[in-house]
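Contents: one structure, followed by commentary.
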Amino acid sequence: MNRMPVIVVGVFLTFLSSWIGLVAYPYFALGRFTPFTAEDTGDINPPPLSGLAVMGQRAYASSGCVYCHSQQVRQVGYGSDLERGWGSRPTVARDYMRQNPVFLGTMRTGPDLANIGARQPSSMWHHQHLYQPTVVSPGSIMPSYRYLYRTQKIEGQKSANAIDLLPPDAPADGYEVVPTYEAEALVAYLLSLNRNYPLPEAPEPPQ
Amino acid sequence: MIDDPHQEPHPDTFEANRESDELNVRDVHGAILREKDDPRDGYEPIPLWMVSFFMALVFWGGAYLAFNSGGFESTVFNPAQVSWAGGGGAAKAAPDPKVVGKRLFTANCVACHQATGLGVAGQFPPLVGSEWVLGEDGHGDNHLVQILLHGLQGPVKVKGTSYNGAMPAWKQLKDDQIASILTYIRSEWGNNDPPITAEQVAKIREETVAQTEPNTQTLLQAIPPVQFEEVVVPAAPAKDNTPPPAAPAPATAPGA
Amino acid sequence: MSMTFDHPVTTPELDKAERARIDESTRIPVLLFYGSAVFWLLIGTLFALLASFKMNAPHFLDQWGWLTFGRVRPAHLNAVAYGWAAPAGIGTALWLMARLCRVPLRHSRLLICAAIFWNIGILLGIFGILSGDGRSIEWLEFPNYASFMLFVAFGLIAVWAVIMFRFRQPGHVYVSQWYLLAAFLWFPWLYSTANILLNFEPIQGGAQGAVNWWYGHNALGLWFTPIGLAAAYYLIPKVLGRPIHSYYLSILGFWSLALFYSWNGMHHLIGGPFPAWLVSASVVASVMMFIPVITTAINHHMTVRGNFHALKWSPTLRFTVFGAMCYTLSSVQGIFMAIPSLNKVTHFTHYTVGHAHLGLYAFFTMIMFGSMYYILPRVVGWEWPSARLIRWHFWLSAIGIGVMVVALTIGGILQGLALLDPGVTFMASLDYTKPWLLLRSGSGILLTGAHIVFAVSFTLLILKTGKRRSGPTLFGTDQGRQPEALVP
């Protein structure tokens, strides 16, 4: 193989085959979805994200949550995700059409979050968990995200969105812990993570 | 043998692209002097066993692809899926409310009430044998539905033990989903109470549509308890979407 | 059974003075890339230590957002992958290309510009990630302002590579040149496509995962692997003075790698939200990787066979053969990990992290060390000052990576089995990993030591410290023992 054109053409063609299969095909088959409208209820699935939740995606990316948490409920036979209650059905490609970027994840140092909005619908729980994970999750090795919160002096009465904390994590007397905009956005995004709606290509698995 | 560094190399041997001045090979490039020749290729043939093994691999690959490709459809995500009968359609037409209820319970409720229904001591009350679930001791089925719809917080007493938590509202779930969860918890872990239907949930939802605050034990105790009339829910899976026969309207005072 | 392809053309041997001139011409670009690589190796190792300690003690330095685990971990990956591994590979490739094309390196200004752009890009990218601009797309975390710099730098390098190859000396084209040319053509296509479709003009979410892992796996298989193999294919026969066992195996290995490796990407997404046939295609392609891997392993092994004693003396050979063996090991491990019944145990666990380090460190980085031990004396005009430092480097690296891979493999399997069993709580699966993560931190300290030793060695070499040596720095030469009559 001494001639440059042979090498270049071969290198080009082999690579092109994978480009067609793993880039072009996914773009056409999985990258141009429209949402599904359920005829009886009129629900649009997947539902659109609120503006705050869209900003929350950036907060999720900024803090690197994907390096410990996945967001995919695996197919039947590929894991025990369903039995763990991480979703009512496996996730399919259309579930991610509104996510940008997509945080499928490759590590489960922490549990899967594809349906965390359904499992933990309380924003206070999320704020407590982000501020100090061991408060609501003893034994966790998740670090504290208190850099997303502000400890401030209570002016008059407690702020409406101040977080409930018990000692030793509670602030000093006269102080309260309040989420920053980024924390509010992140929690709004987490609460939006709920793929338990039906889609025609995602049948409920058999019992 | 050391080349004379001052001798001009033959111009045909390589391009004259000189950026450096005099070359002092001995001083600067002693390593090169002892180098062996650049690598060259040997021409041993490819062993026969290797060729056979690789052809067997290709054959296996083709077979695997044929059997695990879900018909090469972009909507088939599980290679085993093609063998499920009648897979598609809105998943609402689930055969057995208890099965759906179990799945929804596992997805939404076990974080607090646990898969065993026993809750967590001091934090989350149990559902097993709970008078709230079974409609005993002054608790009504209507209270149970209302708890699912609007949540429950503040001090409560369950099976003689006090709890003080905050159960969130689940009104975002559909009527039939709430009904199936309640049906499940009323028939599991030794609990044995009649099922609850979507219509019964819908009625309570309509009656309490103006409620924005979560329930408290005091608030619920102000509402007279109602035991729903038992409705026969077909045990066999219904192939069509017709709902079970409508339950007779429960005799209940208007909600708070 | 033999299969002949084209008739090899006899190659005129390079005159020693020509070789010297070629080495001289590569000096500045190679030193620039190697110097950057060693710098970022130290930075990347520091981030690795931080990330590993944070998994043992989550409250360690958790007050600040810029040191949170979710930023330190991608900072580590990008610093070692794009800051150490890629420049080390490029430096090695430059020298190899020049020697094998048998012409002095031309247009070195292109390469100097590229090195500068590259380093600016890495700097901007790492700062970007730590300050919260990271994209959290694995292997593509750099914000756009940084990845653009890398792409420009790489464009310059690719242009250089094509020109270099085009104006080579006529004659036999050696296997290393195929791998290097291919790598330099594949990578810009990979990098630009992935960044455009995921970062600059993102496509809809459902398709992003496929493009992400098409890129991620191919960065390993079509960029790092070819460079590592090119180096091994050159250094092993060169140091030993023996021919590569079989030209036909080289051809088979190259084309089967080109065809199958690029389809592997979806094996990172088995069980995930992708069409079954696409995932199955990747599983098949992954298993087909037995072909290039066995081919290359036999080719290398038969070349060394009977000469393993040379590993006692030659640093180059020791690092390179270690690396080549770990190529086979990590590739075979990867093939088995791609089989769905095993994948459902290892996916999402630390097993995958161990595998990644087996590939990128035990294979690629060790071969890069071997290459640097060979190339640098020729480019600097000075021998390595201390064989003792080289010995420390080797053993700290080898033991460090061995302990790391074993710890993460065992911890990962325990974690995976626990995750598979719905009766085991999630927290229990985490508890299984904790002692192994502690062991991993210990191994990280060994690797940090190795890199510091290497950086010291490198600096002493560049500064031409110590007495001028008349022979190569082989293991054992510090004690005055006479090495066998081997090349360095």
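Residue numbering begins at 1 within each chain, and the chains themselves are lettered A, B and C in the order written.
Please note the rule applied: contacts are C-beta pairs under 8 Å (C-beta built on N, C-alpha and C of every residue); 3 or more make two chains touch, one makes a residue touch a chain.
As the structure is a prediction and not an experimental result, all values here were calculated from the model.
J.: Based on C-beta pairs in contact, work out which chain pair has the most and send it over.
T.: Here the largest contact count links A-C.
J.: Which chain's C-alpha centroid is most distant from that of chain C?
T.: Between chain C and the rest, the longest centre separation is with B.
J.: So the centre of each chain is just the mean of its C-alpha atoms; given that, what is the distance between chain B and chain C in Å?
T.: So the centroids are 36 Å from each other.
J.: Centroid from C-alpha atoms only, then distance chain A to chain B, rounded to Å. What do you get?
T.: About 12 Å, centre to centre.
J.: Taking each chain's centre as the mean of its CA atoms, how far is chain A from chain C in angstrom?
T.: 31
J.: Would you give the residues of chain C that are in contact with at least 2 other chains, written as numbers and ranges?
T.: 172, 273-275, 281
J.: Considering chain B alone, which of its residues make contact with at least two other chains?
T.: 74-75, 77-78, 81
J.: Scan chain A for residues touching two or more other chains and write them down.
T.: Where chain A meets two or more other chains at a single residue, that happens at 29-30, 75, 77-78, 83-84, 90, 92-93.
J.: Considering only the defined contacts, which chain B positions touch chain C in the complex?
T.: For this pair, the touching residues of chain B are 3, 5, 9, 13-15, 17-20, 23, 25, 27-48, 50-51, 53-54, 57-58, 60-62, 64-65, 68-79, 81.
J.: So in the complex, the part of chain A that touches chain B is made up of which residues?
T.: For chain A paired with chain B, touching residues are 29-30, 38-41, 75-78, 82-90, 92-93, 115, 118-122, 124, 196, 198, 200-204, 206-207.
J.: Please name which positions on chain C make contact with chain B in the complex.
T.: 1-4, 8, 11-21, 23-25, 99-100, 102-104, 106, 167, 169, 172, 174-176, 233-234, 236-241, 243-250, 252, 273-277, 280-281, 283-285, 287-288, 290-291, 294-295, 298, 302-303, 377-378, 381, 383, 470-472, 487-488
J.: Touching chain A in the complex: which residues of chain C?
T.: Those in contact with chain A are residues 5-6, 9, 54-55, 58-59, 62-65, 68-71, 73-74, 132-138, 165-166, 171-173, 178, 181-182, 185-186, 189, 193, 197-198, 202-214, 218, 222, 251, 255, 258-259, 262-263, 265-266, 268-275, 278, 281-282, 340, 343-344, 347-350, 352-353, 419-422, 426-427, 429-431, 433-434.
J.: Chain C touches which residues of chain A in the complex?
T.: Spelled out, the residues of chain A in touch with chain C are 1-4, 7-8, 10-12, 14-15, 17-19, 21-23, 25-27, 29-33, 60-68, 70, 72, 74-75, 77-80, 83-84, 90-109, 111, 133, 137, 139-148.
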